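Here's the structure, in structure tokens; my notes come after.
Per-chain numbering from 1; labels A, B, C, D, E and F assigned in written order.
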Amino acid sequence: MELAEFASRLDEELRTADYADIDASANGLQVGPDEGELEHVAFAVDGVAETFEGAIDADADALVVHHGISWGGFDRVTGRKYDRIAPLIENDVALYVSHLPLDGHQDHGNAAGVADVLGLENRSPFGELGPEYIGQRGTALESYSLESLCDRLESELDTGDRQVRGLGFGPEEISEIAIVTGSGTDWLEEAVDARVDALVTGEGKQKVYHEAREAGINVVLAGHYATETFGVQSLQELAGEWGLETTYLDVPTGL
Amino acid sequence: MELAEFASRLDEELRTADYADIDASANGLQVGPDEGELEHVAFAVDGVAETFEGAIDADADALVVHHGISWGGFDRVTGRKYDRIAPLIENDVALYVSHLPLDGHQDHGNAAGVADVLGLENRSPFGELGPEYIGQRGTALESYSLESLCDRLESELDTGDRQVRGLGFGPEEISEIAIVTGSGTDWLEEAVDARVDALVTGEGKQKVYHEAREAGINVVLAGHYATETFGVQSLQELAGEWGLETTYLDVPTGL
Amino acid sequence: MELAEFASRLDEELRTADYADIDASANGLQVGPDEGELEHVAFAVDGVAETFEGAIDADADALVVHHGISWGGFDRVTGRKYDRIAPLIENDVALYVSHLPLDGHQDHGNAAGVADVLGLENRSPFGELGPEYIGQRGTALESYSLESLCDRLESELDTGDRQVRGLGFGPEEISEIAIVTGSGTDWLEEAVDARVDALVTGEGKQKVYHEAREAGINVVLAGHYATETFGVQSLQELAGEWGLETTYLDVPTGL
Amino acid sequence: MELAEFASRLDEELRTADYADIDASANGLQVGPDEGELEHVAFAVDGVAETFEGAIDADADALVVHHGISWGGFDRVTGRKYDRIAPLIENDVALYVSHLPLDGHQDHGNAAGVADVLGLENRSPFGELGPEYIGQRGTALESYSLESLCDRLESELDTGDRQVRGLGFGPEEISEIAIVTGSGTDWLEEAVDARVDALVTGEGKQKVYHEAREAGINVVLAGHYATETFGVQSLQELAGEWGLETTYLDVPTGL
Amino acid sequence: MELAEFASRLDEELRTADYADIDASANGLQVGPDEGELEHVAFAVDGVAETFEGAIDADADALVVHHGISWGGFDRVTGRKYDRIAPLIENDVALYVSHLPLDGHQDHGNAAGVADVLGLENRSPFGELGPEYIGQRGTALESYSLESLCDRLESELDTGDRQVRGLGFGPEEISEIAIVTGSGTDWLEEAVDARVDALVTGEGKQKVYHEAREAGINVVLAGHYATETFGVQSLQELAGEWGLETTYLDVPTGL
Amino acid sequence: MELAEFASRLDEELRTADYADIDASANGLQVGPDEGELEHVAFAVDGVAETFEGAIDADADALVVHHGISWGGFDRVTGRKYDRIAPLIENDVALYVSHLPLDGHQDHGNAAGVADVLGLENRSPFGELGPEYIGQRGTALESYSLESLCDRLESELDTGDRQVRGLGFGPEEISEIAIVTGSGTDWLEEAVDARVDALVTGEGKQKVYHEAREAGINVVLAGHYATETFGVQSLQELAGEWGLETTYLDVPTGL
């Protein structure tokens, strides 16, 4: 498949253009020529030296990641920016990035993947950001306790050596659950207004402790990396259906 | 002591005015009348419902905290803002806040307290923010390994049930150490340029993993709360010297 | 009635949300808890210490005003801000504010009240501000002279010891009249374009003299306070219909 | 005298350049050619059609005013802008403007003129605006009552048919007096902090009533026009000393 | 015809209001009174002293130009601004300006005029600027070579002593042609995306050389003045149809 | 020599940091690794595909240019950005850029080079941009006519097939000359105020014709490329003195 065709199919599927105004990440193709042929595509959560090396070792023609290398633009290709971009160019590996579009996609997205793990039903978009959503909510048919919710996530997610942390300030029976993967505690207020029993996210700054306590809601911090492996793996499946060879590069950070 | 006198002594000691342009926190007196007498002052890291209740129970006339309730201004005294401010007013407890001025104070500050714990010498300011500093660096006479550095912090800091986490991407012998308490990973680049062996901070977003790996530096995440108890406790000592009765309210978040 | 219910009924009636982007005033509930019961509501033009004391003396549970205490946000509850907010909190008096929504309401609004006094017919919105209006225009069936117009206002409005001032630079027979209460001289140009015979407002800066002269229009300055008692009194009536006990606190400034 | 020479002498005397960043008025020469000779100069408070006609009738070569026609720039010379500028150009009358520089000048300024009328001693600058001052304060050797202060101003100033208004919320004996002419109530807070007994200004918006009441200070509103005749008349004297024929055009607005 | 009627007919024909947000030029009437009668109108590309003198010599009542005197507003009518405006006012010549609206008009516009010269068919708007277009594209039935294209323009346009310059980096046979008159090289990218064979414009900064070379497109620089005589001449025709006497003032700059 | 050492010597010589706030160009090293050895450096006016190919063909380790590839930052390394950056990375050619610092340098700069060609004496900085200068002025001992000035430039500069253009609106004898290379007509006003006889620059937009005419000054347009070869050639000499092998890549644009 042509690289341009591949990028444009993903852009369409993920509605990349709709997120342009709300995402600091420059989504879509970040590094690559106008012309080029793809046979083998690698997938990873983070676009960093370690996964770039992995993609080169795997002889991939492109790497699709959730976290890219361009956040708000850059002025130079020097220093660590050079160290990241040069290997891609020298080894003809294109870099495709999908940040918020991949968080919010209601089928292929990260939150959708966590909702699958938790067996949620009656799904609907959650996590407003401007005119878009970057998460999902749903109902657990059989309610969880905070402990069983944490256990479920710890056993199903790739948490590295990190422990899933539960802040138990809400109801004991948890069935309505909102999910914003990665750093999602800015949506605590929306979760409270939506009257869900728990907000599941990846990582949270210190102040979420007291915010959750005063709002009377359960919060689960399951790891930034751990909650964000689903989106790129779902795209990997899609690429397989398009006839491409694929590789997943697992580099858990434990954060 | 007059409340106004107390606030103005702290403002002077902490150089509150110098941080006005670089700190989103409205430092200084945040809640309180122009006139009022102080006998008993409470101290805590976080200015939240839980510590407000503690100050009221302790019959304190004022509460001094590191994290206040005003970040960028507010429009209304309603909802949780009302729930926090009303008890202070109803119980005549003034609220004094010192955020970055207390991070950066080279004697009373949070980083200075962590440096004491680590036994650092040859101290100098670290962590540039505009024209000010919000951290400190120094040299350990006997070098640490990453493990012994984490152990030392875990035994001396109030980490709640959180584990000190070390990202071992730098030299094995650690003697030059930079400290920015709380959320300090934005100063990773400065730490690399300063050629220190490790950056000690509280909490870090997921991306710090790969940034540290590619920069070749050790990073220690010892907890946001745990690294920020020193400043307010140092002010507590100062208030004691001024003849005031004092109480420390310990509410570790484990984050 | 629940305080929340009361605030939300007023917000709906006055379309508070529609004015959010064009009004520096934080309209709606400005001080008050999420929960609380109302029996008695006081009403006043200005939300200031004098009316706060009045509301407390009247044993009111809430005070509804046109001019509140939050214009563009504040950072601290100290000084005069403390002196105003503390009595409200200590005496459980909530503060509800409606500034431009109450100027512009075509039935309950301040301009509508002045138009009633002047007996105007064929009313339509006047005083564009972004997508909204903050005044009203209409036709006097029997035309006024400038003198009779001033006299009419002086006798019907609560002008304190202030004299209604007429700038007679327009037609002698005045039947088409535009009204923007309070400080409305910024709408002089719109009044000229609308070919009305007179603009009635509250107060005007010095330059309105020559602007009116050169534009050839009559301007009447009837007092800021005097032209703005109608809105809150109309809401008082509404509250009475909702079964609440009400009090009007008259504190004319003569300005 | 050359027009350019005249403008440049005034700019130097009034330090026009120092006010460039804090004044919306484009001070200095606003309308006029690079070359031209002056014999006769008119002076007025307001630069408006009425005074432009006066200057033309008086056969003046230039008009010096406090309030000019350029506030923040304009895009076109059409409509009323044309009606004002065209007569100046057609009759070869240049327009020189000095707004804040003339308010704040400690000898020739408007506040200095009011201080003369009140017989104040120990004068010092008052009314901070960025790095400059736009008013003056001083001490009355024999203290005034509010009534005698108002009477003094009413008898000495050109108030038209407007009454000097006193808001008596401060001490009964008034000796320390701060003056900001025109619209000066934004400096009420500075007057309170400076512990003066009264603030004398020209006009005030309605809210000054309660601000003065709660701050416990006397405020005198003596008229915008009435307090601002001094500056241009002082410049008129200066021009006379430079050998120019001069005329003062008195057009009181009563506002 | 009334001046106001003339200006408003042109504004409507040219959709002046639609360009207000995207054009630095204050389009429409720039100098002139609200009332005035027109018999004779002059037309020129540039609104400058030379054409103002021409209009006065021709005894015109108004001058219509493409480049006016107000770009982003001005603060004073002094210096060269006075030298330009004063003669207009003294001789009762109104100034009407149409910049981008006249570039983009698909019938009367500058690009449309160049397209006529080149005999293009299947015309459509080209040159996006916000929601509007400022150029035109079309197809030459018989294809040009770069040389014949330059020759054609050189013979038909008023290029002064300037040579039409062709940058031959695109296909040898040129049939699809995009036109943005004046300074149009910012639309090179759009021309490439539109897959036209050549972009015809007036003047180009030095960097267009390499941009054209790397993009593989022909660029023709035919002169800023030379490509922009069409719009005002088309308006001249229109004015003639409205019964007005007209004059065209040709002042080629050779730039 | 180390690449880092080379870049840092140039940065110091050219005072790169002082121009950071006034130049859209990201001056200094734009593409290149932290470590690398230099033996051979190429120099060119424009950093474009053509000179990149030239540098690669010449087997250079770095290319120093006046116009780089980063103006205000970029988000992606794709399309033509990829086409420019990839060859540099694949062939280990670093890119060093100096835009305004090289225009303004009083010895090595572009304007200084033009002044040498014209034999100017009594040189001083000209062309204010914020706190810096980007041009130079001086006195010709024997005065030029406009024609002889144009001839001199045409014979000494690499103008490609472009003709030096003189706008003869100033004095016939030209001895005081101001120079701003490239696009320098924004400094026309400064040249008039400085009372020089002519402004020599590279290229000018159409409006400079009438601006020069009305200001009464001579303007010479000698070509953007042609006036900007001096700076990089002066740096080439410097690099030769530092013991490096050097190549100059001449790609005149004729613009």
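Following the convention adopted for this analysis, contacts are C-beta pairs under 8 Å (C-beta built on N, C-alpha and C of every residue); 3 or more make two chains touch, one makes a residue touch a chain.
A quick map from chain label to UniProt name: A, B, C, D, E, F = Nif3-like dinuclear metal center hexameric protein.
Model, not experiment: these values are computed from the prediction.
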Neighbouring chains common to subunit B and subunit F, by label: A
Chain pair repeating B-C, as identified from E-F, A-F or C-D when over half of the contact pairs by residue number coincide: A-F
Intercentroid distance (Cα basis), subunit E paired with subunit C, Å: 51
Length of the line joining the C-alpha centres of subunit B and subunit E, rounded to whole Å: 63
Rounded Å distance, subunit A centre to subunit B centre (Cα mean): 31
Overlap residues in subunit C, where contacts from two or more other chains coincide: 83
Chain-level touch network, classified as line, ring, star, complete or other: ring
Chain order around the ring, beginning at subunit B and proceeding next to subunit C: B, C, D, E, F, A
For the subunit D and subunit E complex, residues of the former touching the latter: 26, 28-34, 70, 73-79, 82-83, 85-86, 89-90
Subunit F-facing residues of subunit E, complex: 46, 48-50, 67, 80, 83-84, 163, 165, 182-183, 202-210, 213-215, 224-225, 253-255
